[in-house]
Every structure is written in C-alpha cells, then in structure tokens.
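For clarity, chains are labelled A, B, C, D and E in written order, and residue numbers in each chain start from 1.
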Amino acid sequence: MESIVFYIIALIMVTFAVMSVSSRNIMRSIVYLLFVMIGLSGVYFMLDFSFLGAVQLVVYAGGVIILYITSIMLIEKIGESMDKPKLLQQIIAAVITSLGAGVTLFAIYSYNFNMVADINNITTVEDVGFALLNYGENGYILPFEIISMLLLAAMVGAIVIAKSGKSTNSNELKN
Amino acid sequence: MILGVSIYEILTLSTIIFFIGVYGFVTRKNLIGMLMAVELILNSTALNFVAINKYLYPDLIEGGIFSLFIIAIAAAETALALAIIINLYRLVMSLNTDNLETMKN
Amino acid sequence: MDSSYTILILLIPIFTFFLLGFNFKRIKEPTSGIIGTALIGTTALISYFTAFQYFTGAMKGAIVDGVYQKVYTMNTVWIEFSDTLHIDMGILIDPITAMMLIVVPTISLMANMYSIGYMHGESGYTRFFAYLSLFTFSMLGLVLSTNIFMIYIFWEMVGVSSYLLIGYYYNKPSAVLAAKKAFIVTRFADFGFLMGILMLGYYGGSWDFKVLSDLGFIESLQQAYGAVFMGLSVITWALILIFMGGAGKSAMFPLHIWLPDAMEGPTPVSALIHAATMVVAGVFLVARLFGLFHFMDDGAALTVVAYVGALSTLFAAIIAFTQHDIKRVLAFSTMSQIGYMMLALGVSGYSGHDGLGFMASMFHLFTHAMFKALLFLGAGSIIHAVHSNYMQDMGGLRKYMPITHITFLIAALAISGVPPLAGFWSKDEILVAALHDNTLIFAVGYIVAGMTAFYMFRLYFRIFWWNEPNYKHTPHESTNTMTIPLIVLAVMTIVSGFIPFHNLVTADGAHIETHIDWATAGASVAVGLVGILIAMFMYKKENTISKRFRSGFGNFYEAAFAKFYIDELYMFVTKKIIFAKISAPSAWFDRNVVDASMNGVGNGTVWIAEKIKGLQSGKVQDYAMFFISGVVVIAMLFWFFI
Amino acid sequence: MNLDTFLLMRHEIGLTIIVLLLLLADIFMEDKKKVNTVAVALFAIYTAIGFVPMDSGELFGGMFSTTPLIVAFKNILNVGVLLILMISVSWVNKKMLPINKVSEYYVLMVSSLLGMFFMISAGNFLMLYIGLELATLPVAALASYDMFNRKSSEAGIKLILSAALSSGILLFGISITYAITGSMYFDIIAGNMGLSYLGILGMVMVFAGIAFKVSLVPFHFWTADVYEGAPTPVTSFLSVISKGAAVFVLMILLFKVFPDMKGIWINLLYGLSILTMFVGNLFALRQTNLQRFMAFSSIAQAGFILLGFLSVDELAVSSIVYFIAIYILSNIVVFGAIQAVGLASGKYEMDDYTGLYRTNPKISIVLMLGLFSLAGIPPIAGFFGKFFLYSAAASQGYYMLVFIAVVNVTISLYYYLKVIRASWLRKSDDSIPYFESDSFLKAGVLIATVGLLILGVASPYYEYIYSLSNIFN
Amino acid sequence: MDILSLFVIVPVLTVIALMFTKGQNNYRVVTAIGSGVQLIMAFNLLYQFLAIREAGNTDTMVFMQDYMWFKSMNIHYAIGVDGISVLMIMLTSIIVLAGTFISWKVDDLAKEFFIFLIILAAGVYGFFISIDLFTMFVFYEIAVIPMYLLIGLWGSGPREYSAMKLTLMLMGASALLLVAIFGLYFNSNVDGGALTFNIFEISQVNIPVEAQKLFFPLAFIGFAVIGALFPFHTWSPDGHASAPTAVSMLHAGVLMKLGGYGVFRIAMFLMPEGAHYWSEFFMILAVIGVAYGAIAAVSQTDLKYINAYSSVSHLGMVLLALLMMNEVAWRGAMLQSLSHGFITSLFFALIGIVYGRTHTRDIAKMGGLMTIMPIIGTLYVIAGMANLGLPGFSGFAAEMNIFVGAFQHPDMFHRIITIIAVSAIVTTAVYMLRLVGKIMMGPVMEEYKHLPAITWYEKAGTFVLVLFSMLIGIFPFFWSDIIDEAIKPFIQGILSV
C-alpha cells in the first residue's frame, strides 16, 4: 500500500519535474515546481520525518516559490513564454543527462546497501532540536550558528545588490 | 522507511529528479528557469540524505539535519540569485541567457 | 758558439711588423720603407751568419762525421697533447733551412728595397712594409720550424700575409677577390694538410722532425702499418694529405688556380711571395719530410709528388704560351718551375748519387728564387714605366730601360737553362735525376725546358723589341732603389749556379758527387736554344706569325688561353654547387625548416588555442554540460581501475 | 568546553566580530569614507592577532578542528585578504562611495573569508558544505557588486548559478559517501570508503564540487567570465583566497578523507593537472583583457598546484601551502597593478598597457615582478613555489608530468611576457599618463612585492611550513 | 665574506647603486666602476687561485663555501671554483667591462639597460661558481631572463619576436634541464646517502644506468640549447641579430658558454654511463651544427647572422669536443669556450660599431669601410682572422686541441665526424673572407665617406678582447695548464666507465 502511494508520488514528481523544466511559460513552470516540492514533502512524511516535510512545505511552498513569483512580477513579464532551446542542445543535454543518470543508477544498484529493518523510526521535532543544540559529538550547534552568518551575508548581499543606488556616471552602464 | 519500497527505489527517484534538474539547467534559456532547475537538484540531494539516513543509518539523524541545512541554504541562495537576476534585468532588460555572452572565448 | 741568437731571425721581423703596424699613421713615407728595409737587412745578415756558421760547421753539432745534422738551437713545448705528441716552438737548422735562410731574407730584402721606390705615393705605404715584415717573419718561422705542427702554424701565417698582400689594393674588387681566392684555395689544401698532420701524429706518434726523419723510426713505422686503403698504409695517406697542403701553397695542379690571380698584389709581393718564397713552401715541406716520403711504402707518396709536379709543369707551360698579362706569364712560369722542383723530388732517391734529385730540387729552388724574383721585379719596373700589365701595350722598351732590359735578359736566359747562368746548372741536375728514374717524367721535363725558353723569350722579345706602341708617357728607367735590387739579383743569378750545392744540401746531409752529364746538358741547352730562336723568329719584329699559329691551334689555343677552364670549373663548383646547391639551401633550410618547425611549435600552440576558443562559449548552460560530462566521464574512467 | 578551547576558533570569532562591528559602523558613521580605514585597521589588528601561536584541537565534537598548519594557512589567507582590502580601498572610494555601498563590501568579503575558515577547519561534511556556501554566496554578491556594470552582474549570475550546480553535485557526492560510510565525520569516513563503483562516483562528485572552486578543467569554465566581469579586487579575492582555501580543502579531503582511494585520485590529479595546465595556458595565450587573462593564468596555476598533491607526504602539503602563499602575493601584485591602472584610466586591455613603463615605471616594475613570479622566474618567490611542487611530483617518479609542467611554464611565459612586452618593450603616443595611486593601494602592492622578493630566497618560511606539514596521523 | 659570493654581491650592489643614480653620464660611470671592480676581482681570483695551487692545494674545488638553504630538501647554496670556472669568470668580467664600454652611448633608458646587463652578469657569475644543482639552475634562469628585456627593449629589427623566441626556447630547454636535475636528485640516495643537489656528492653516487640513460639527454639538451645545438640553435641567429651590441657580446661571449660548461660539469660528470650511451647520437647533432652553421653562414647577408651562425659552428665544436670524452678534446672545448668568448664578442662589438655608423648590417650595402675607418677595419680583419683560426689567436690553439682530441678515436664513425668538423675550417675561411671582403674592402661608397672614427671607449672595449685572444693564442700552455688540472678529476670519472 505504502509502496503504491510512493510510486504514485514518485510518478507525479518526475512528471512535474519534467514539465517544470520544459514548460515554456514561466508561471506554469513555477507551479509545476511547487508540485514537485509538495510531492517531496510527501515523501518526507512517508519517511516518518514529518518535521522536514513541514519545513519543506513552509520554506518552498510558502517562501521560495513566492519569492520566484514576486521576482517575476517585479520583472513584469509574467505572460511571456521562454525561448525554446535549440533542438541539438536539447538532444545533447538529454543524452548527457540520461547517461549521467544511467551511470549513477548503475553505481547505486551495483552497491549492496546494508539496509536496517527499523520500521518505526520516527524523527520527532524533539530529536531535531536536540541535535541542533548539542555541542558535542553529533551536535549541530556550530553549523546552526554559522548558518545565521550565512543568512546574514546572503541578506546583506541580496539587499546591496537589489537596492537601487544612484549612479553618478551613466557612462558606466555601457561597460 | 516506507514499506515495500527499498532504498534503491528512493535513490532512483532522487537521481532521476537530480538529472531532470541538470537537464533543465542545461537547456533553459531563462535565468529564472535555470534557478528553478537548481532547486530540483538541491531538493533531490536532500531527499538522498533523508532516505539514506532512514534506511541505512537510522541511529542518528545526520542526514535529516543535513537536509534541513540544504533547504535553508538553498533558500538563501535563491534569494541572492534572484537579487542578482533582478539587478541584471535592470541593466539588460532581459532574462534570456543569450544576452549573457558579452564575455566569452 | 751559442746559437740562441737565431731567435733574432724571427724576432726582428715581427718587431718590425708591430712597429710599423701600430704606427701606420704616424710613420710617414719613406721612413717606414727605410726602417723596414733596414731591419729586414739586419735579419738577412743574421740569417746569412747563421747559414754560414752552419755550413762551415762552426755551429755546435752542425756536422758530425761529415754529415750535416739537424740542429735545434732552441725548442720549447707550446701545446702538449701527450708525452710524445706536442706542438713545440723552436728553431731547427739543417741544410735546407740554412739554404732557405739565404733565399728568404735575400729576396725579402730586395723586395723591401725595391718597394721603397715602387710603392711611392701609395696610401698604405707603411702598411705595406708592415705586411712584408709579417710575411718575412712567417716565412722564416716556417723554414725554421722544428716540427710539422709548427710548420702548419707558420703555414697559416704565411697564408694570411699573402692574403693581406694580395689584397693590398683593397679598394680594387679584383684584388679582394684574388686575395680571397688565394686564401680559400690554400685553406682547402690546408684542410688536407691538417688531416695529414693529425694522422701522422696519431699513427706515427710524433711530429718532431728529428724523430720523423730518423731512419730507424721510419723503418718501424713501415713495419707497424700495413696497407689499409688502396694498397697504401695510413702513413702514406697522411703524407699524401700533407702533400695536398704543399700542393696548395705551391700552386700545383689542380690547386694552382689562385696563383695567377694573386698577381693582383703589388709586384714586389709577387716577386717575394708568389715567385720566390711562399710558393716553394710545398717543395720545402716535401723536402722536410723527404725521409718519410721516400721510405714509406717504397715512396708511393713520392710518386704522387713526381706526377703532380710533372703534370703541373707541363700544364703551366702550355698556358704560359698564351697569356698576355706579363705577370701571369711569369706566374705560370713559376708554377711550371715549381712543378720542376716537385718532379725532381719525386724522382729522387735518398742517399748518395740517388739523392741527386733532392739536391737538384733544392738547387733549383734556390736559383729559381733568384731569377724569378728578378723577373718579377723587372716586370714591376716595366709595369711601373708603362702603367700596364699587358704585353700589347709594350714593345721596344730596351731603349728606355737599359738596366731593366739587361737584368731581365739575364734572368730569361737563366730560366731557359743557358749556361753558365744559374738555371742551367739546377735544371740540368733535375733532368739528369729524372732520366735516371723515370723516362716519362724526363720527357716532360725536357719538353718543358724548351717550352720555358720559348715563352720566356716570347715575353722578352715582346716587351723589349717588337714595335713600339704609342706610349702616353715616355717610359723611363726606374729609380735607384728599384734598379739596385735588379742588379743584385742579376749578379746572384749569374753566380749562384756555381755554389757547390751537392756538398751542402742533400737529403741525408752527406756530400754527394756530381758531374755534368754533357749528353743531357747539351740536349737541354739545345732545346732551350731552339725555344729561344723560335721566340725570336716570332716576336722580334712585329709580324703575324703568332696570330697564324694561334688560329692553327684553334680550340686548343682557346682552351689554353682560358687556362683550360679550371677556374670556370672551380667557379661552377663553388658558385653553382656549393653556394647555390648547398649553402643557400642550408640557409633556407635553417630558416624555413628548422626555424620554422621551432616557430611551428609556437604557432601550433596558438593555432590550437584559436581552435578551442569556442569551448568557452560564454553560456552557463554549456559550462554546466561540461561539468556534468566531466563528472560522469571521470567516474566511468576510473571504474576501470577497480 | 571552556574559554581557552573556545579560543581555538580565534580567527572565526575575530571575523564575526569584524562583521558585526562593520555593520555597526555602517549605521553609526556619517563619513562613509572612514569606514574604509576602519575596516582595514580592524582587519590589520585581527591579522596581527592571528599570528599568536595556537595549539591544535577540536571543538564541537569534531565539527571544527585546528592544527598549527591550519592556523598558518589561515594567517596566510588573512594576510592575503588584508592586502586585497588595501588595494580595494581606492576602488571602493571611487565606485561605491557615491552609491553608499561601502561597509557592505567589507562585510561580504569578511563573511566569505569566514566561510572559508570554517571550510578549512571543518571536521564534518556539513561544516564543509556550509563553509563552502558561506564562502561562495557573498562572493557572488561581490562579483556583481559593480551594479551598473553589466559585466559585473553577468559575472555574479554566472558564478552563483555555476556554484549552485556544483554544490548540488557536491551534495550528491556527500550523500553517497554518507550512504557508504554512515557518517559525515571525516575521521570516520577515512578508511571506510573502500573501492566500489558508487564510492568512486561519490568521490568524483565531491572532488568536482571542490575542483569547481579550484577551477580545475573541466570544472573551470565559469572562472574566466567571472574574473573578467567582477570588479578587480573581487577578482583578486576569487583568484587567490577562494582558490587557495579550496586547494587546502581539497588537500584535506583527498589526504585525510579519501586515503583509501589514493590509487584513483592520484591518477585523476595526474590527468587533470595536465589538462588544466594546457587548457589554462592555451586559453590564456589569446586573451587581451587582463582580468580574463589572469583568470586563465590562475587556471593554469591550479594545474601546477595539482603536481604538489602527487607525493602525498609532508613535501606535498608544505609545497602546496607554500605555493599558495606565494601565489597569493603574486596575484595580488598583478591585480594591484591592474587595479591601479584600471582605476586611473579605466583600461583593462593589454594593448592599453603599451608604453606603460615610460609613463609609470614603478607600476610596471611591480607588474613585471608579479608576472615573473607567476611564471616562475628566479629569484622571485614564484620559482621556489613551483620548484617544490615539481619536487613533490618528481619525488614519486612523475618525471613526465614535471616535464609537461615545465613545458607549460614555457607556454605561460609567453603570455606573461606579452604583458611585459606591451608595458616595457613598446612605445606609444597615447600610453596611460602618469598617475598616482592612493596610499593604501601602494602599501598593499609594495608589501606583496617585498614579500615576493623575500619569501623565495629566504628559506625559513618554507622550512616553517614544512615543519607543520605532518597531517598524516 | 667569501671571495666567490662577492661575484654575486658586487653586481647586486652595482644594481642598487644604479637604482639610486641619476644622470645619463653617471649610469655608465657607475656601471663601469662596478664592472671594473668585477674585473679586478676576477683577476684577483685568478691570482689567488694560482697561488693556492702553487701552495700545493690539489682539491678539485677551492674557495668552497656551503650554506644550508632549504634544509628539508637538503638544498645548499654551495659554491666553489676550479680552474675552468676561474677562467670563465675572468672571461665574463672582461666581456662585461668591454660590453659596458661598447654600450657607452646607450641613451634610451640607459639606467635600465645597465641594470639588466649587470643582473645578467650576476646570473652568469653565479652559475659559474655554483656547485649545487639548485643554485646553478637558479642562476641559470637569472642569467637568461634579462635577455628578454635587453633584446626586446634596446634591440633592433624584429626585436620582440627574437626576444620572445630566445626566451621561450631557452626556457623550454631549461624545462628538460629541470627534469634532469630532479632525476639526479631523486636518484642521489641509491647508495643509501641523503638526497642531495651537490654535484660532488652526486658524483660519488652510482646513479643507476637506466636513470642515466634517461636523464643524460635531458641534461645535455637542456644545456646544449643555450650552446646552440642543432637543431635547437635557431634562437641564436635571430636573438643575436636583434640584440643590442653589448648584449650580443655577452650573449655569444658568455651566456652561450653556459651550455658547454653545464654539459661538462653536470651532464658528463654526473652521468658518465649516460654520456657514453648517448655520445654518438649527440655527436652527430653537434657535428651537423659545426658543418651546417658554417655552411649556412656562407650565404647570409646580415653581419650578425653571419656571426651567429659562426657561433653555432664554433660552439658545436665545443659540444663535439666534450662528447669526444678525452682530455685533449676537453681541454680544447674549454679553450674554445674561452676563445670563442673573446673573439665573438669582439666581432659583435665591431658589428655594433659599424652598425652604429652605417645603420645597416646588410653586407651588400657596405663596402670599402677600411679606407674610411682603418682601425675598425683592421680590427675587423683581425677578428675575422682570429675567427677562422689563425695561429696566434686563441681559436687556433683551441681548435687544434679539439681536432687532436677528436682524432684519438680510431673507429670509422669518429673519423668521419672528425673530418667533417675539420672541414669547417675551410668553410669558416670562406664566409669570413667573404664578409671582410664585402664590407671592409672594395670600392669606397659615397654615403659612408664621412663616418666618424673610432672613439676611445670603443677602442677600450675592443682592444682588451683582441689582447686576450692573443694571450690565449700565443701562450696556450699557461691556460691549458689551468684547464688540464681542472679536467683531471672529471675525465677520470668518464674514462673509468
């Protein structure tokens, strides 16, 4: 039963992923991407990692996708369809990516994973929180702190880039 | 872990999504489109971590935490990238990558 | 008596050279000429003294048991290659050296003195005397050498002096060419010489003349080396190569081509270098190594010498018939006479009466030096007077230039072998020696004797009789500085035939008995007289006999006039083959193949760089494609390592 | 955990403080021009403190580790960044002061350095990844910092997109190592990878992720475009600091994390070093824009660095670290000169440098020394750096590779000489007129130049690094 | 301070002094003083060397100094000299001084010119005093690089191209050399000792024959390229043609000697088996260089090209002699190095002097200069004569040693090689006389009638070279004694194989 659900989700994800990267309408593309993300959070839920599933939903459905849409609206080209890539490029890309996928899958299947038959391994928020705030072995407080620096830096960067400064010299535009 | 589904299936899924992302990255002629392909790539790896964690090494939640960080960083990255894209758009009035070839060879 | 004063023979000329050479702007005419003459005169005196001491036995070790020895008055190692192989610098005196010590300074002194007047008004007056001193130094060094490498060294120096003197009128292209030609041709010959020296050194183990002329040593060499190539031993081949050097300097066929052109130099130079001294260096060299030449492989190398000499003498005589430039006639005459000397050496035995050829050759060398220098100086005097080298511009000069006329006549008679002049005695000995040894060579020598008389008197009559052309300036006799040498040499020409050479200069140093073989002598005098008479018949008065003869010989005449096209052959080989087919292609090859391939490496790199520039397309997508393919390909590649 | 051990993170703490202080300065200081001085001064103090000796140790359960070598390396990077900040000042003043983006520049650069430090000190893939991202993202912002310059924006977007892809691949690789070994701690992974198809794929993916930052062929394509478009100080930061840190990380990864795959990555490095040197050099040959030219030059240099890896011993470590130190100085000298000329005249093309020596001799001399150092001409330090790299390769018998490398040096000499040719050999009527740079820039370039002249000939520095280089136990 | 390091320090000090000098005249005075001091030092060294030998010191190398440099790799700054190095240093100092005088009138960027010239000299000195491979290599490159700027900046004709080609080819050669040095270094512990770059320590080690076979050609070519080994000589004509006078002098006179010296001191000495294994192959290349350089010189029309090809020929002789591997030939090689140094730099000085007046180097466009400039003309003839091996000049003594040495091998191969080499004396005569005949002799050309006479500094520069060429030519035994003694320890190694 679970497996069937998984396969359905997987099918949906793959389909929407393909549509997302091939649709020529950028808005639709974003929506397809959203479906993939939701599907992914579904997988997380199925893997008994509901916290991550929730995060995935919140961050992507609630954050990133909105960010994209906002950006596109800023650019005011919602309806415009994207240029179609050249056929040759598509073919080469398809060949290379399928080769890559094939190679990766071959590698995966050739490896004999030692699966642990632990069915009821539910990761709770508590577990996550404990791990994140632990500063010993397998504790993640340091990365957790650093990521704040990262977000700060990204924020500063994004702001400084996006905020419109006044150019003193219009000639510089030409460079 | 999902009953009846082995690690291989999940890894297959993530691999496929990953390479779909790569395909998108390679074929998209629109900057935002490429960025979305990147999202696919990053998310597929996040799925990898979680699946491996759950199926193979469930004692610790290293993979799960890792996925969390991936999501956070991907978001930051997206924000920054979009900022740059917007700035670029202001200069070029286009998102088409064909307009990004002033520097080559 | 201590003989170390002999070093002065070398030091004074080189000092003169530096004195004049370094101050050639400050010392003016005629001071430099006088200085040069005076110093060379001093050298000459010391040389005479040395020769006198040697021949009288006053020099320590000069005569042992009545045999003249090789005396080293000094010898010091200059470059040492091994214990036995080293280049020494020293002074060797033996009969032929002593003889040369008379010839060289005498002629040099005469040339110097003559030049004081002859070179009057030339821009490089001092330079000329400096060069002359350099030449004298080199030539004396050559004859005094104690080992063959030292000879080679001075051989080269002589070559350079000759080059400088031929090219004395360096603004004249023909002089420059002639100088160049002389140097290069002799240099080519020296290549053989050097190889010969190297072979001799390697296989013989010594370069020292005392060793090389030691009969026991020669015997051991003869036994040590069998035939290696064309039936001859390495030593013989070495000697042939050494003879090649000698042939080059002595203008033997086919290396003679430089000599006629060398007449571009001032006439005293022609007299000194290209008639009397330098050109006999080859003869001297063979004489110096006579023991080796004679004993190795039963004189195989000597046979070569004989035939080359015979060929040259005939060849030159034929050409001399046809030339109009009086200096060229004399040049070919010189070549012919040197051929005589070579021939004489070639037919000579080693000791006793068999060694007559050697003695005769040296004798002829001596006498020839005197009369040939006289002829050249006379020619110089004539040229000075009429401002032309060509006999067409001459005639009837006997009235204007009596001294020149008489001295020239004496010399011409001497070279024609008319007794009792010097040439008669030496030439006679040569013919006797040749008759003893080889009839063919004798025949050549005999014929050439007649031919010599003919062409010399052709010259004589054409210059001093014939009809007077219209001289622009009336010719007049030359100044005293020029006529005195003529007279001195004329006297020498008359008396030198009576020097008892057989007592002084022989191959083994011992006395030999000679007597005039009147059968041969009479025949040779007869043929000489016939030659003279024919010449008189043809050239005493202006007539057309010679023209008719000329047309009678037709192509042969043309060929002889063109020196049998040997020059053209050389020119063809050098210009058309060496320059055009080797050198220019080499230069081209260097630029367009070697260099181009080096450049090609660079250009190829740039070309590749240009071809691959498209990879960096400026598209992030393409970059990503490479990225992914890179990962996939690398991973797959290394799967093979498992 | 107490304060002493916490101070093992002295460098990182210092950087964090600087970031915060700079943000405060931005808020409270009216005269933005002074922010420059503050930033440089703060960083200088911090750099000086960094030289205080420090023990090795681990923090946060192995997440963070430090050794004297790492400290030394961080100090090298500190000095490099300090010099870059010094040569940035005039650019910031001229271009960024009018649009009021002064302090952010320093914040971003320092945060990026912070990311690198975490990356270097990482004991866990997560730290590595976060450090990598922290190092990359601010640089992407910096690359597009010159926001009215289209090239700058292009550079930024190309950098961030390529970086995202590469970090995706890196992550995939990490997930594979995680799948095989069950941990993300380096010491656990080490020796547990074994040899399998999957393991190799994972290793190659991780390698590619780092190689991207090192600009190894075929992961180098972004380099040229980004270097060309980015503002000069940012380019110099990218080319030396960013690359240097990445090389160090690559070294730690290969030597300490994947030692059991040595047989594979040795060959990989062998091949890639040849490829990288040739591609870098061949592309550099035909460049005319100096920044782009330097990009390919730096790719080629990365190829040389790989030679050092091959011996996998102390010599390898010391030669790499030493080379990076010298490479940093050389590149800073060159970029300093480019920056000075670019600011004074707005010219970045090689031809514009024609006759530079006659108008600006000092900058030409400095430029020449820098380029000679890059080309590896003694007695300038670059030669010694390269020499030890070759030694490392040769010590394992890779003579052929050394030969190829030296042939590449010859090729590289050609294009370095092209710049010198323009500035020294040629005359021009409209060469760049005499200009005077500001004192920060002068001082920065001068220090770097003096460093170049001293560091090679004076051996103690190398010996010091060598004494720290035992990382194999 | 040790007597040898001064040879590096004094030039460096000169450079520093130059940096702080102002004024056109002061530059050259400072340089002249600096190079004068070097000359004095060189002769002092020669004197001290002879004195120490006189006192019975028979060490291979004297005045040795050894400072640890990079301890971890056992790199030393190790210096020392034997007779050959002393002579080479003397040659260098003379040519540097002569070059300074010849460059008296350099006006464009004179300061820089002299600085680079002196740096070059410092590199050369350093090379000659080094007995550590690393040190040697460092100095080698220091000597090569200033050439680029010297030719490129002060040269003529296609100077940029020539300078680039020269630099790249020499650097490419040093690539091979570097590999060989590594090969020696990493094989220097096969007998159980420590890895070392020291030449004498390596010479004690039995480097495996296979390694020698591999690295000998690398070391040989590495050095021989700068010694103009065919077919890697093509940088030389172009480089010479474009170089300013003093640089041509230094280059042909000193820098190209690095090749023969290096081959002798490193390739031959450290890898005797390799030398024997490869000798015939390289002998063929060397003899091609000898013959071909001379032949190619015959049809050149540019003064400098003629001389450059002549150098190819003469230096081919050096390499050939080295490959003959016997004492006489080696002595000849060393003498030839010295001799060629003096003669060729004299030649280039004269070419510079002529070119400075006529502004052409095309021999077809010149003629009769002897009449106008008798001293220069005479010097030119002297140089020509010296070049074609006239006795009394150094070339003769050198070539005779080489020929006699080359003749010591009685097999057919060596014989043929020797004959070809000897034949070059004829070809040399051909091009030298052609050259002298064309430009110095012949009719006076109208446009050159008023060319100025030789100046004092030109005299100073050229006379000293003539003097030394004659000193070697007339007293070869003095020099060959010094050389013989130095060669002995080296020849023993190669003969014992």
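Operating definition for what follows: a contact is a pair of C-beta atoms (placed from the backbone, for glycine too) under 8 Å apart; a residue touches a chain by one contact, two chains touch by 3 or more.
Worth saying up front: this structure is predicted, and the values here are computed from it rather than measured.
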Problem - Each chain counted as touching subunit A and subunit B at once - result: C, D
Exercise for the section: Sort out for me whether B-C or A-C is joined by the greater number of C-beta contact pairs. Expected result: B-C
Problem - Per-chain CA centroid nearest to the all-protein CA mean - result: E
Practice task
Using mean C-alpha positions as chain centres, tell me how far subunit C is from subunit D in Å, no decimals.
Solution key: 77
Handout entry: Between subunit A and subunit E, centroid-to-centroid distance (C-alpha), Å
Key = 68
Exercise for the section: Report, in whole Å, the distance between the mean C-alpha point of subunit B and the mean C-alpha point of subunit E. Expected result: 64
Practice task
Measure off the straight-line distance from the CA centroid of subunit C to the CA centroid of subunit E, and report it in whole Å.
Solution key: 37
Problem - Per-residue overlap in subunit B, given as positions that touch at least 2 other chains - result: 18, 21-22, 25-29, 34-35, 46, 56-57, 62, 65, 69, 73, 76-77, 80, 83-85, 87, 91, 100, 102-105
Exercise for the section: Could you check subunit D for residues that touch two or more other chains and list them? Expected result: 126, 130, 133, 137, 140-141, 144, 147-148, 150-151, 156-158, 161, 165, 172, 179, 196-197, 200-201, 224-225, 286, 414
Handout entry: In subunit E, residues with contacts to at least two other chains
Key = 168
Practice task
Please list, in label order, each pair of chains that touches.
Solution key: A-B, A-C, A-D, B-C, B-D, C-D, C-E, D-E
Fill in the blank from the handout: Given the complex, residues on subunit A that touch subunit D span 103-104, 106-108, 110-111, 113, 134-143, 146-147, 149-150, 152-154, 156-161, 165-169, 172-173, 175
Handout entry: Of all residues in subunit D, those that touch subunit C in their complex
Key = 157-158, 161-162, 165-166, 169, 195-197, 200-201, 204-205, 208, 212, 218-219, 221-222, 224-225, 263-264, 267-268, 279, 282-283, 285-286, 411, 414
Practice task
Can you check the complex and tell me which residues of subunit E touch subunit C?
Solution key: 165, 168-169, 230-235, 237-238, 292, 295-296, 298-300, 309, 328, 368, 370-371, 374, 381, 385, 388-392, 396-397, 400-401, 403-405, 407-408, 410, 418-419, 422-423, 425-426, 429-430, 433-434, 437, 440-444, 476-477, 480
Exercise for the section: State the interface residues of subunit C toward subunit E in the complex, per the touch definition above. Expected result: 24-25, 77-82, 85, 87, 123, 149, 152-154, 156-157, 160, 163-164, 167, 170-173, 175-177, 179-180, 183-184, 187-188, 190-191, 194-195, 198-199, 201-202, 578-579, 582-584, 586-587, 589-590, 594-595, 597-599, 602
Fill in the blank from the handout: Seen from subunit B, its contact residues with subunit A in the complex are 1-13, 15-24, 26-30, 32-33, 35-37, 39-40, 43, 46-47, 50-51, 54-58, 60-62, 64-65, 67-69, 71-80, 82-87, 89-91, 95-96, 98
